[in-house]
Every structure is written in C-alpha cells, then in structure tokens.
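When the chains are written out, they are named A, B, C and D in that same order, and each has its own residue count from 1.
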Amino acid sequence: MLGLDKKDAVLLVIVAVLTMFAPFILNPFPEGSAMAQFNAGYPDLMQRFVIFGIFAIGFNILFGLTGYLSFGHAAFLGVGSYAAVWMFKLLSMNVIPAIVLAVIMSGLFALLIGYISLRRSGIYFSILTLAFAQMMFALAYSVLTPITGGETGLQLALDDPRILGQSQTPEGNIPVPGLFGFEMRDSAELVIGSWVFTFNLGYYFCGVILLLAFYLAIRIFRSPFGMMLRAIKSNQQRLNYTGINPKPYTLAAFVISGMYAGLAGALMASMDPLAGAERMFWTASGEVVLMTILGGVGTLIGPVLGAGAIKYMENIISKINSDILHSWFAFLPDGLEDFVVTIVYPFIGKGWHLTLGIIFMLVVIFLPGGLVEGGQRISSWLRNRRARRDDRRSKTEPAE
Amino acid sequence: MDAIILQILNGLDKGSAYALIALGLTLIFGTLGVVNFAHGALFMIGAFCAVTLSRLIGLSHKVEVEGETDFLGNPLTKDVPYIYDWFGEATGAAIVDWAVPLAILFAIPVMILVGVVMERGLIKHFYKRPHADQILVTFGLAIVLQEVIKYFYGANPIPTPAPSAFTGSFDFGVLIGFDANTIIYPYWRLVYFAFAAVIIGAVFAFLQFTTFGMVVRAGMADRETVGLLGINIDKRFTIMFGIAAAVAGLAGVMYVPINPPNYHMGMDFLVLSFVVVVVGGMGSLPGAVLAGFLLGILESFASMREVIDLIPGINQIIIYLVAIIILLTRPRGLMGRKGVMED
Amino acid sequence: MGILEVKNVGKRFGGLQALSEVNLSVAENSVHAIIGPNGAGKSTLLNCLVGKLIPDTGSVMFDGQSVLGRSPFEINQMGISRVFQTPEIFGDLTVMENMMIPIFASRDGSFRMHAVESVVSESEVVDYAEQMLEDMNMADKRHMHAAAMSRGDKRRLEIGMCLSQKPRLLLLDEPTAGMARADTNNTIDLLKQIKEDRDITIAIIEHDMHVVFSLAERITVLAQGTPLVEDAPENIKGNPKVREAYLGESA
Amino acid sequence: MSNNDVTRRGLLKSGALAGAGVALPTIFTASSASAFTNEPTGSTVTLGFNVPQTGPYADEGADELRAYELAVEHLNGGGDGGMMSTFSSKALDGTGILGKKVEYVTGDTQTKSDAARASAKSMIEKDGAVMITGGSSSGVAVAVQALCQEAGVIFMAGLTHSNDTTGKDKRANGFRHFFNSYMSGAALAPVLAANYGTDRKAYHLTADYNWGYTTEEAIRSSTEAMGWETVAAVKTPLTQTDFSSYIAPVLQSGADTLVLNHYGGNMVNSLTNAVQFGLRDKQVNGKDFQIIVPLYSRLMAKGAGANVKGIFGSTNWHWSLQDDGSKAFVKSFGTKYGFPPSQAAHTCYVQTLLYADAVQRAGTFEPCAVVEALEGYEFDGLGNGKTLYRAEDHQCFKDVLVVKGKENPTSEFDLLEIVEVTPVAQVTYPPDHPQFAGGALGTCNNGG
C-alpha cells in the first residue's frame, strides 16, 4: 500500500486510526466522574500531541538515523512559529502560506546552522547546535524584540496589515487562523450519555499533516537515503571508503529535520497565533531529545509516543491539585485519606517535574529502548505465555 | 585601563566558579567516561549544605516579647537560637555568623557520601551504555534532586550571608595607584577566588603526586591496560566520583554568600559548565580550568557598557559565540584529546 | 606505466620522517605486495594512497590522474577500494544492507537525494547484492546484523562489499592479521579466486610471508619509510637486504 | 461545522439533560447550546487559576493560589468573609456567584507564555472555565490576555507590572488591578527627591526584556523630570545570575545612585551583588551612594535578606496597611495560613472578588456584560483606597505605596515599611500617554 511493505502499512494504519479516533480514545472517562481529570481529549492537548509528535518524528530522522544529537533543535521550531505569525500579520490568516513560509525559513536556518555545526561530530556538534539555539533565544528575548515581540512573544494586533485578508473582523476582533473560510478552532461535539467527544478542525488538520509527516518519515527510513543515514551512524569511516560523502547526507537529514521542526512551529502558531522566545530555550530542545529517547530512538512510532507521554504529564498531571486529590480519596477514613493525599501530593500538581524526572530515570534504567521496547517486551511476554499455555495443553492432551 | 583591570578581576572570579564546576565534570568524564548532567545538581546540593547547616545552627525556640503583638494581634514571639543558650549570646552569634565557612566541614563528608552513593547506586550501571542514556538518566536525576530540594526549601532564594568580617570591598585601585573607588572588589569574592585556586591546586597535586592519582591518571588514559595490571580501578573511580562531587559541593557552599541559593541554581550553571568543558576539550583537566577562566573574563568584558553600545546584545551571546569560534578553529576545544566523544 | 604510480612520496610527522622518496608502480591486473617490518611506513603509505593522509612531497597517480588532495570517497569513486586491517563494516545494518550500500555508491555517486523510493524497489541493486552474497557464500546470512557475525565472515563481507563496486584497484591492509591458520588459508583462496574471476589489480600490505608468497606477483619491501627493493617473489626470498631489514642489526 | 469555540461544561449540562438515558448519539454544536463561551448552565461556575507552580516564581504562585482558595471560600460563604464585608459593593452575598457555587481549576504557567496558554486553553476547553486569572510576569499576562480575548472569556491579570499589559498589548476582555511601571516611577520620584535631593546621577541596570524596558523608561522620565541625570543604562540578560561585572563599573561612571530595574531572581542577585561591592558604604559626588528597586515584593525582599534594609521601592499593597479592607484580608489570610499575604496574593484575591461582583451586578456571566460592569467602575474597601477601573484601558487607578526595607524586622515577613502612600491623582496618566502608546483595546468578545 502506498509503496510500503506490509509491516509499515499496518503501522501507518494504526497511527491513522489512533489519530482519527483520538477524541474517543483520549476521553475514556465520562464527564463529571473523578477520573475525568485524566481525560486528554480536548482540542488544545490533542493538537499538542500531534504537533510535538511531528517535531519528534523530524528530530528522530536526524538523531535516530545519523546519531547526530542536536541540542538546539527547538530553534527551528521557534523560527517556524515566528515566520508563521509574521505571515498572519502581513499576509492573511490562511494557514497554508504561513506553513509554507515557516518550513522554508526553518529549512534555510537549518541549512546555515547545519553547514557550520556538521563540521564537527559527537558532543562538539551537540554543543555547537546548543550554542546557536541559545544565541537565537537570547537575541529573540532581548535585542530582537521589534521582530520577535521579546518577552511577551510575537502577537497579532488589530492594526496588522494582512493585505490578503482583513485587519479586523466586523465585530472588531482579531481574525483567527483558518483554512479557506474554515476556522482552526471550529469544533463539533458528540454527546453519548455522559461522555462528550470534541472534534476540532484544527486538530484534524494537524492530524492529517502528522499522517503525511509520518508517511514521509517511513519512506525516508526505508529509502536508500535512509539507509545511508543509518550507515553514517554505524560506521562513517567505512562509508567514506565506500565512495559516499557523508556530509551532504547528514546536512540533508539536518535540514529535513529542521523543516519538520519548522512545520511543527507553524502548526503551533496556526492553532494558537503566538510565538514566544521560550520555545527556543535549551530546555525546549532538551524536551524533544527526551521525547525521542523516552519513546525509542530510531524507531518510527517511538518519538510520537514519547511526545504524547511528556505532553500528557505536563498538561494533565500538573493540573491535579490537593482538592482533587481529597475528592478522589474521600472514600477512605479521614486519617487515612489525609495520609494518602500527603504521600501522593508531592508527585502531582506543582510536583509534576518530580514525577517526570522519576519516569525518565525508570525508563532509561529498565527500558533502554524506550516505550517501544516496553511494548515489545509486553507483547513477547504475552506470546511466550500463550506459547507456554499451548505447550502445556499439547502436553496434557495425549494423557487424556 | 582601570575598567579593564576591574573586568579582569571580575572575570577571574566568575571564571573560578566555572572552572570549579567544569573541573568536577571533567574528572567524572575523564575517569568514568560518563556525561553527568546531574553535576549542576551536586553544586546546588553543596549550596544547600550551607543553608542546612546555617539553619541547624540557628535552630531556635520561641520567646514571647512583652507588650508587642504580631500582625494578627497575637503576642509577638522572637526566635532565640538554642546555640545562644548553650554558648552565650556572643559566642553563639559568632558561630551563626560563621555558618558558611563552617559548612565546608559539614559539606565534605556529605558530598563524598552523595557522590559515592550516586556512583554505586546509579552511574555504575551506565558505564557501558550510550552517552545519550547517561545524559538522560543523570538529567532525570538532576530534576529529581532539585525537586526534592524545592519541596523542602521552597522556590525562593534563601539569603545566606558571609561572615560579617568579609562584608564590604577591598580597594585595589589605591593599591596600584588609581583613584579611590575605581577598582574595588568584595572581600568574599576574593576569598572565593583564593578558595578556588586552592581546590584546583589540590586536585592537580593529588593527581600528580600521589600513587592513587597516578593510577587514576593512567586509568583516564587507558582504562583497560590498568585493569590488566590487576589494580582495582573501579574502586578508585568510585572514590574519584566522590571527590568530584565534593569539589562541586564546595564550589556551591562558598558560592552561597555571592548569590542567595535556590533550587534551580544547578540547572542555571549546567549548560554553561558543559560549554566550558567542551571549549576546554573533553577530558582535559587543564583545559577545563583554562576555559573556565577564559570564558569568565570574556563574559566580563562583554558586559562593559562600551562594548554593549558597540555591539548590542553581545553580552547575551558572548559565551556561545566564543564556544562556536573555538570549536570551529580548534576541533577538539582548547586542549582536548583526539577521539574523545566524537562518535 | 602502471595503474598506480607513486613518485617520490615523503611524509613527516613532527620529528619522524615516516616516508621518504617512495617510488612504486603497480602494474594493471597484477597482485602487488608491500611488505616490511613494523614501523616501516606501510600503513602511512596506504593512507597516502586513499586520501586519509596527504604526503608532503611527491605524487600519487591512479590511472593517469592525481589522487592527492582528494577525499577518500572521491578516490573510491575513481576505482580504488580499501579493505581494512580489522574489518570495517556497518555493524548495525544487516548483511544485505551492507552489501547494497557500495552498490548504491557506485551506481549513484557520492551523494544522491533518493529519499522517497524504497530500497526494496531498487530491483537491480537488490538483485546484484543477492548475487554478490551468493558469490561470497553468505546468502543465508543476509538478514543477520553484520556485527553478530564471526570475524572471518566480517572479513569476507568486507571484501565482497569492495568487490561489488568492481574496483580497478583493491587495496588490502593486512587482511589476515589476527586470523587463525585455517581462516588465513580461506582468505588466500578467496583472493586467488577473485583474481581468477575478475580483471582486477590487487595491492596488498602484509606481514604474513605465507600470504605474500602465496599471492603476490610482485613485491616491494619497505624499510624505515623507504623502498628497499622491488622484485618478483622468488627473488625477494633470497635477498640479503630484505633479510637484514627484517632481522635487524643483529643479523 | 459551526464557527464556534468549544464549550464543554455548558454543553455537558444541556447535553446531559437532552440525552439523559438516551444511548443514541446526539450531535450538538455549541451555538445551539449557549450564547457565549462556557456559559455555566448548572449549579456551579468554574474559574481558572493559572499560576506559576514550577520555576523560579513558584513561591509567588503558591501564594496567589492560597489567595484564590481563600476568595473562593469567601464567595461561597465560608470563612469570615474577608474583604467582602469591607468592599463598597454589597452585591456579593456569600452564595457563590449568581447563586452558583464557585468551583475552580488550577494550572501551571511555568512562567512561560506557551505553557501558560496551554494551561489556560485546557481550562477553557476541558474544564469549562468562564474566567482565567493569575500569573506572575507580564510576558505571561499579555500572552494569556490575548488568548482569553480570542476565546471569549474574561482575563483578570495577576501580578503584572509592565506598562504593556494595559498599554500596547491591552485587550477588551482583560483587566489589571495591579499597578504598573509608570505608576512606580510617578510615585517614587517625589519620595526620592525628598530623601536624596534633586541633583543625582543615576545608573540603571535593566533586565533585557519588555518589562525592564518599560520600567526603565518610566523611572528615567520621572526622575529626570525632577532634575536627576541618567549617567548610563545597561541591559542585563534575563538568564544572568552573577551581576558583578555589571555592578563593578558603576562607581567609575561617577554615578551616585543605582537603579535596579530587575525582578525576581535577577533582582535578588543584583541587589545582593551591589551590596556586596560595598556600594552603599561609598560616597560619590559628596553624597552617600544609594540603590533603588522600583518594584518590590516581599518574597523578593526575603530572598535578598538583610540587603534590602533602607532601600526604596514601590509596591502595590502591603499587609501592614491599616485600612479596614487590608486588615480584614490579612486577618482571614493569616488565620487560615499562619502568615501574612503577599502583594501578589492581595491582587489575586481582589481580582476574583471584583470579577464576581461584576457578574453579580451585570446579572450574567456574559463577558461583554461583565466588561461593561467593570469599565469605569469605582469601588473602595479593597485595600488601596478609592479605586477606578478605567474604561479606556482596563487599568485600575489607586494609591501606590512607596516602601523601604525595614532596618529592624521583627519576623521574616516584616521586611518592608511603608514610607508614603502616594495618592491616586499623582499616578494617574492620560490613556494616550506615550509610554502606553500603540495597540487598541478592541471590542469585547463573547466567544460562543
């Protein structure tokens, strides 16, 4: 299917199903129930899942295939966001030109930074990319304020020209990003009993782009180009003596992954038209590294899972406060309730960083291949168990 | 001229903090081959050793003050440290005043213990794992450590002053023939510089002149060979980790009066200290120290008003700009060895 | 005029004159061995031929073109393949993928952005790689990770990868170093077979005299960075200069 | 699809009614269910408290959250009612807002505009919050304010001091009770002139981002207007931790006053460093060297410790104020938590009450009606004396406090003493003042 072998086609279909049915899958608990706190099926978070999924997929093309660890990849996300918001300010609120310009701009930045940084390898490459990103952050936050909006971020205003669109809506508000008349924030809802499912246009737009990005990533992974990238990670010396010039390959991978980041940045701006400099801070670059490793470096689906896991914690765990905890454990006797809440409290709400840190450590210690390895282990364990059961059965049968 | 001398002084002082942290990072990387993202957290824990000790010394009981009330109208209470009761107010106050220097004695065993536990309990299992795994697990550990500190001490900085004998500043300018007040420098920062010099000297002397140090240096050069000689290099490396933790911790203890410590001070230093280590050259101790001072001085120069007016924003990016230029002209940093961390 | 012409090559590392006035001519379709004691400069010379080092003086011509200043991948594209002392293969990739990369390299050049078509759809490359694996007797291992193979198999794969490019000159750097006798003999047989089957020039750097005398048609003896003699194998055996170089002053 | 925002909670209620017991899916669009975003249709109303819970301002965020919890308790008729009894408007009666019990959700801004917007969006989209409030920096306030405008909910800013929040980045759906850079300058200048004279040479260190710029501009123009000279203004990076290289050249410049346009960790460190350098013991131009911190907060003063003693600054509110409102608030906050509230806590508490009151007076949660009720609204009894929510820019105009670090604090909370309560007239400016130029309020947005 689509030039993919069966395994990859199945993977793509799984991702497509997960993406398209996410509003159901992420909202398993009925509204108003205590567990509704864990529902993640609201537009903003679903959008974030797929946008950071795209970001991580792109990062994985560089890091997972070539082994070059860029520690400044968030810079391209920032460039993409700024480019997109500028398009919204100057041209129109249609997301297509914004996305196109963002991808081109981030590609250009990636070309320049990659060309310089790829002169070194290993940790020296990492530090070079980190240095570029930190410089971009620092300048965007301060002296470049006229272009970037600085601390408050680049925002739309009522007096922006928007030459192909309108500066203001008839009601006197700033128009919102859209796609040929459809607004990104348009939503429809489905109510079944006490479940509410939200279908948001922006989310589905991002979801379709995620599928395209994922499909392209599969093609790259399975292409001769992808094979060369893996060969770079495996043995650059041999590749050199095999008549292959690794430089343009790594640079191409760097630019592609930079463009993925720019795409993600443009989508962020399209869902929420604001671009802030913090997007480029080193912790943001570190976050995508963590997503990729958490999910599984070099695997296709891993980075998407990692992105989802981290964003889920950031947005769901951080919102649990002591009140909610008390309501969960209200069924316990008073003393015990307080005790349980006291134990759990440091790990939720403002303690979500602590939980994140612990999970990183546990995953790296016990699942070096990330969540994907965890999944593989579980499935092989299940297979073994079934095999053993079948085994037992076949052994016992003759006795009967 | 005086402005330049002043900034060199500043740079040496900033640089001594960078150098101390980078030195510990390099010790760990050079001996164990581990990229330790939790090193900043060790610096932070050192600082909180000082906070903890000053709180322990200052442990108080409440005494009501006659005739005054607090903001809710209840009788006003005053904290009186137990130490006043035991040693009298004068001696007690002196001990409280000297809490930070005293914390050095407290921090050394604590930090060595923290370091050894960390190495035996966690890092040991990561010697053969890829650097990316090491980075992630130590980064996770750094987050956990700082969140634990935050849980107990809050997010706000905690003022922990130097002994009052060291308040104020020393007028260098007068000493070398400038006008008064042109080149002044705080006493405690001079103490910090001297302290850093002593620690750096001690580490180098230790590695240079003791048999222990010789074995460790040999191990840094070629771990397998030393292993073949039948020397228990692992145990020595554990001790080395403890020492590196102690160096970071002491850097933290003494830093406390310069800037009030908070739980994220380690992360603030983390990226910078990695830049320092890499600019110096991965695995090179002299390189780390040299790069620390070099970047400290350059950062100070870049913060001069005249320089900022000339190139706006240069103070924001100088460290990274220098790092890029050095890495492009000297592929392995200032003093790096070939083949280290290049794969 | 040989296919490889080395003229007056000299290379200095600080105070050490590693090579001086090296002249060497490798005739087309011959097997030429370069031997010499440890530290004679064999590896330095080899590195000068493949672009890893640039000599301070002299010239290196391959098929009438200078290789100096070119990168290893460019020199490979000119038709020189190198086999390393310890097998250099792509350990994380499968055997099949290992075999396909050099084939892609000779078909598409040093860089091509073929990022969308799938590897498996490149049937000519796939078929050829299959064929090469058959030839190298390792078709059954095609899905194995290369790193998981035995050293002998890795060596065989590496040679196969080089041959798949149909190089005009195959450089072998002590291909049997550290091998057991049986593996060594297998390698000798393999190389003999290759020589029989193809039009190929082989230059081999070797320590093991058994290998050298089994294969070489011409031998250059290198000592202290400079060629001592160049002659046919039967003449080298009895040469006193060679004896002296190998056994040192004590002889 | 309809052109509408998601309105979860409102929809749920009506949906649950319509679909009770019905297994068949029913598709609703928001417009058919509610007139504006997240219209509360049940017996409760949800407010969103978006404060920094991680990062350097976490302690300030924690204090804001305490104030919000207290406000909710009072609105629902719990506790001693706090400022509800001193508030000039008597619309609130302790039965929630418009009879609906007040519930709240909390989120973490991380002091990053992205994270803050994500958190606010989840409150709007998932939890059905009808009003968002909180924050501890202007970057976050401006970002979340713009989001609320777009989504059609009310934003009641927390601690945000930059002129831009109600200047070039003002929004119709956003309201600020906190004072701003201009007011700090206007309030401080006369006090500085009275204490330090009108012939001073000032050296500014300014945090290199928007808030720093507006604060520097405000302090410069108001001090220069009374005769001070600005010798130099140097921008310092946000991420700077050691300010020695910025402090050291100050004396050489011939300046006799150092103005630290820094907040949070920057301010704690720069002040500590400046005192370390012994600047305050020096004499320049025959005058004692002085340091000024335009924006003070108790939490920062705590971080800088003894270094704040005797240093002038301004603040929005302080717990030692003796008016009835302040006393009532300090009493109920202190009784509940054991220590006095910070200015951040105060402004957040007041904002919540003001919102609730406006809804009560408007008789609806509809944002445009609430905006109308707040615009030009005059009130008293909330701690800062008579206060006006100006219609033109949604900024509160009230008295500003000039404070000084206390020489002999009696507790760890007693760090500042009030030097002067600058009357509101002195800090009022026209809406088109150049420091607030650019941007437009726009029109209120009801969303749905």
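The rule is simple: a contact is a pair of C-beta atoms (placed from the backbone, for glycine too) under 8 Å apart; a residue touches a chain by one contact, two chains touch by 3 or more.
Which chain is which protein? Per UniProt: A = Amino acid/amide ABC transporter membrane protein 2, HAAT family; B = Amino acid/amide ABC transporter membrane protein 1, HAAT family; C = Amino acid/amide ABC transporter ATP-binding protein 1, HAAT family.
These numbers were taken from a predicted model, which means no experiment stands behind them.
**Q** Farthest chain from chain C, going by the mean of C-alpha atoms per chain?
**A** D
**Q** Counting C-beta pairs in contact, which chain pair ranks first?
**A** Per chain pair, the contact count peaks at A-D.
**Q** Where the centre of all protein Cα atoms falls, which chain's Cα centre is nearest to that point?
**A** Per-chain C-alpha centroids ranked by distance to the global centroid put A first.
**Q** Between chain B and chain D, tell me the centre distance in angstrom, where each centre is the average of that chain's C-alpha atoms.
**A** 35
**Q** Take the average of all CA coordinates in chain A, do the same for chain C, and state the distance between these two points in whole angstrom.
**A** Measuring from centre to centre gives 46 Å for this pair.
**Q** Using CA atom averages as chain centres, what separation in Å is found between chain B and chain C?
**A** Centres of chain B and chain C (C-alpha means) sit 52 Å apart.
**Q** Go ahead and note the Å separation of the Cα centroids belonging to chain C and chain D.
**A** Centres of chain C and chain D (C-alpha means) sit 74 Å apart.
**Q** Indicate the residues of chain D shared as contacts by at least two other chains.
**A** In chain D, the residues touching two or more other chains are 58, 62, 208, 235, 237, 239.
**Q** Show the residues in chain B shared as contacts by 2 or more other chains, in ascending order.
**A** Touching at least two other chains: 313, 316.
**Q** By the document's touch rule, what are all the touching chain pairs in this structure?
**A** After working through each pair, the chains in contact turn out to be A-B, A-C, A-D, B-D.
**Q** Could you list, by residue number, the parts of chain B that touch chain A in their complex?
**A** Touching chain A: residues 35, 122, 125, 129, 131-133, 135-137, 139-144, 147-148, 151, 271, 274-275, 278, 282, 312-313, 316-317, 319-321, 323-324, 327-328, 331-333, 341-343 of chain B.
**Q** Give every residue of chain D touching chain A within the complex, in rising order.
**A** Per the stated touch rule, the residues are 1-6, 8, 11-12, 15-16, 18-19, 22-23, 25-30, 53-54, 58, 61-62, 105-108, 112-115, 117-119, 121-122, 125-126, 137-139, 142-143, 146-147, 149-150, 162, 164, 169, 208-211, 213, 235, 237-239, 439-440, 442-443, 445.
**Q** Using the touch definition from the top, list the residues of chain A that touch chain D in their complex.
**A** 31-32, 39, 42-45, 48, 138, 141-143, 145, 150-153, 155-159, 168, 171-174, 176, 182-183, 185-194, 196, 198, 200-201, 268, 272, 274, 276, 278-279, 314-315, 318-319, 321, 349-350, 352-353
**Q** Report the residues of chain A in contact with chain B in the complex, numbered from low to high.
**A** 67, 69, 116, 119-124, 127-128, 130-132, 134-135, 138-139, 141-144, 282, 286, 289-290, 293-294, 297, 346, 351, 353-354, 356-361, 364-365, 368
**Q** In their complex, what parts of chain B are in touch with chain D?
**A** Going by the criterion above, the answer is residues 2-3, 6-7, 9-11, 13-14, 17, 68, 70-72, 76, 78, 150, 154-161, 167-169, 181-182, 184-186, 188-189, 257-260, 262, 264-265, 268-269, 299-300, 303-305, 308, 313, 315-316.
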